[in-house]
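Please find the structures below.
In the two complexes that follow, chain A is the common piece, with chain B as its partner first and chain C second.
This part shows the complex of A and B:
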């Protein structure tokens, strides 16, 4: 494979559709995984944005990577390892870091530790190098039927859980004081959301890799909030953007010999740039027509 | 008529430190009660007790004749204004909507639009209903907050320093709106503030929590040099000038003074 790669020009290694028809069935599972992951990522991302948890996502993904690497070394199920790592990290962050400043320092402490553990496990792992690299930067054909089944189960849990807590969680995220005054259990919700986030990250690590989880858990929601403030349209757009990035990335990566993640991250980033540009135009013209108070909104 | 909010011999202590004790207060429907006092005198703790978030050390507290409990729809809460990131995807109408059903679990399928529009109209916020809250001015945000607090038709509206960081004109607008609201809906108001002048014209009753005791009564009765000196345990002078009220301590420190309106 490496010998072949050196014979063709570099651009053909990035985009090559010559044997597309034969390759497509091989990635059926990856496509299903991508669809599920994008759905979860888009929805979870909305709350990651509202709760300012981008750094936590990154921290959880490193621990998830450590769990998956350890699983690889110990020859147990990689998905299970990723989930255990994620949940341990999510619980640690949820328990120890209720305040934003505590949280960030705890994540900063956990993250390199997790990454170090993961590197150690991979260094000791005697198997193929592609498997190792895949956990960091994403892999495309390694999704077997059992793993798709596990991802579907996680999707049901995360999406179901989010739908159940959606309104109180929104209340607690945007308006914690008033939510607490109205009896919303803000601390319990915060912890519950960290667990859902951990599951979503464990799923994402296996498709896009630990280093690039943010591209599906944050970028789509961040792009959506640039062009809409509607509680219905932001999640819908975030899911659409995530789906376009994930499916588009997998299809583009299919004929190429480089990992899947650069495609997903690039599409997701381009969507974000376009939304930012649209959002700027919209912001300059005001979000809505305000007959007498356009200036007032800007003065703040 | 039975009071909507009643405290009888209410005391609160954190360990050894007694915050206030023996507070008797009966608030009737539509009454405007202003809670004054220096920092640390337990004003916010009083609100938390009414919300059911803090338990009294002794005494009794009742909202509509029953002990307060978390999530009671009889109590509305207006917090102080805080900075919201302009990119937060929440519009004014969403804030109000959260007041209507933000505490309900599971997916929502009821259309609350009419109710939200009605609440927005009642506080004069219809014009910016679809603007993200982070892009509203402080005064506009507080109007939206009031609409949110009114969503559950509360018997008591708790206002926790809602004027903080607003300029004088906005302070007057917001207090006038709260006054109009209590007349229109009959909700009682418990208004915690350290700035007495914006609320003085509307205040029926003052609860002054001082370091050396508390006092309850009409503003003219409580806000006197003699009474406040007793509450502070040190010489305090109440000065009335140009329709405004200044409270001056013997260390020369002046309480309750705002910057001049431009």
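This part shows the complex of A and C:
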């Protein structure tokens, strides 16, 4: 029997460019999904960094599974349940934690409670649950046209929504007290942003899986903020880093007989390391810290 | 105020030129990547499935892959996605070579029933997917237990369907496929007779399981599964076993209420290991089952070992 590449040493399985021409057309949809997710991830990530919400991304993607478990018990569609779970979690975080110092503790409070409800729902479900969740985790290597369409629609909504609230949201994220004093509706903005975040995460988890969501929503923006504080360059660099990670990862992984996600996570991590190092070097060699350019741009 | 970091847009790339410099922490990483990439690429490529001649067939696990081999013989070239006991088909991430194998396949054999949904996801990503046989649908057991490779009559039915499908794809060899399937069915029927022997000798005896994987085989052998359903459900869902349920499961062994523990060695954890230890401490035999074929043996020999072990355990 021809087992797939198990008798090949592991290092040869990591990079292998044979039959590349045949493999490339297969992942057309994966590349489109990667481009879209990287665009959303780079832009959303900027605010995730500013608002210190990295933990929320993790919480929202975890709680989508709790939503799916509850859906199973209530006998509604599991996929729909996962999306509802993410949105409810995101809105709860946005509603309860509009102030920066509350946010992490609110997520830490909500996540175990939600996951606990998920465990309870699974325990109460009378049938076998282990074989009901297979379709929830996406396969980046195989994205069908319907999922690409859904991904594109979500991208339009999230990017459009972000551009609409960009300036007030930046103000509210960088200096919430002053923003509130000047009449910016910080609570409504927090709520709106979490809704967009929840939507992006819920969709992306089902197309590419939870691991890549974290890698494309958090790491590129974290890398960009290491080397720039500019309100223009941070989002631009974050999107570039996310695109390089996603597309580079897919193209590099293509011939290998191992999954794609470790390539994407490794590229984005290496970019982050390089940015850390560049940022430190600039600080040591007299990086002139400008007065917060982000707040200045909004107020000015 | 146009900021400077134009050069940082190329941040990842210039590190390549920093190899051997004083400040080389990142440089070392880049150097390693730079070395490994061309080296590995130069190495001999992995064999491309389906090019060794024969009809290219893809199976989700090597259990179904082996059965396709029994039916197709040298006329098929089988690629099995999952052949390692350390991979759980319920949560498998496919790679691009898997997808290429699917695209080239003339037939796909999947387990179905929620066991390997990734196959359906991958097929949906192909423009014109090859025909698929879902073993769970063919088995049509009326239950929601997807581990149908332990349901021997169902396995025969799947083998027959594979022969029919291969025969329509390659009509010239249809008779060979049918004959091979008949031989295989004969071997499985012999296994069924041995299971019937267990039923006659020890039918109604009680056993315990860690997961519902071997349930169909236990049903055929007329063995009662005394494990609290909450225990196997918690193991399969990867949640925690309620304390009272764990206590009553462990009590099955200390009170010698069961004759054997049927243990899924594919997914083990502290909770299943505690159960295994309790069985061993009470001197109750442990029969192992799994979800992939052990290396080097075929389906019939694999089942034979399990059935022999079960026979010895429950007729002691």
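Definition applied: the second predicted complex is superposed on the first by the 220 of 300 C-alpha atoms of A that agree within 3 Å, B and C clash if a C-alpha of one lies under 4 Å from a C-alpha of the other, contacts with A are read in each partner's own complex, and residues count from 1 in each chain.
By definition in this document, a contact is a pair of C-beta atoms (placed from the backbone, for glycine too) under 8 Å apart; a residue touches a chain by one contact, two chains touch by 3 or more.
Everything quoted here is computed from the prediction, not taken from an experiment.
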Larger contact residue set on chain A - chain B or chain C: C
Partner chain(s) touched by A:228 [first = chain B, second = chain C, both, neither]: both
Chain B versus chain C as contact partner of A:240, first or second or both or neither: second
Which of chain B and chain C A:143 touches, first, second, both or neither: second
Partner chain in contact with A:50 - chain B first, chain C second, else both or neither: first
Contacts of A:153 with chain B and chain C, given as first, second, both or neither: neither
Contacts of A:109 with chain B and chain C, given as first, second, both or neither: neither
First (chain B), second (chain C), both or neither touched by A:273: second
Touched partner set for A:255, first chain B, second chain C, both or neither: second
Which superposed partner A:177 touches (first chain B, second chain C, both, neither): first
Overlapping contact positions on chain A, where the chain C interface meets the chain B interface: 228, 230, 293
Touching residues (chain side chain B, partner chain A) in the complex: 51-53, 69-72, 75, 77, 79, 84, 87-91, 94-95, 97-99, 101-108, 127-128, 130-132, 135-138, 140, 145, 148-149, 152, 158
Chain A residues touching chain B - in the complex, by the definition given at the top: 46, 49-50, 163-168, 170-171, 174-175, 177-184, 224-226, 228-231, 234, 287-288, 290-293, 296-300
Sites on chain A touched by chain C in the complex: 1-6, 8, 11-19, 22-23, 26-27, 29-30, 119, 122-123, 127-135, 137-144, 146, 209, 227-228, 230, 232-233, 236-237, 240, 244, 253-261, 270-271, 273-275, 277-278, 281, 293
Interface residues, chain C side, partner chain A - complex: 1, 3, 5, 8-9, 11-12, 15, 23, 25-26, 29-30, 33, 36-37, 40-41, 43-49, 52, 62, 65-66, 69, 77-81, 83-84, 90-91, 93-101, 103, 113-118, 120-126, 144-146, 212, 230, 233-234, 236-237, 239-240, 242
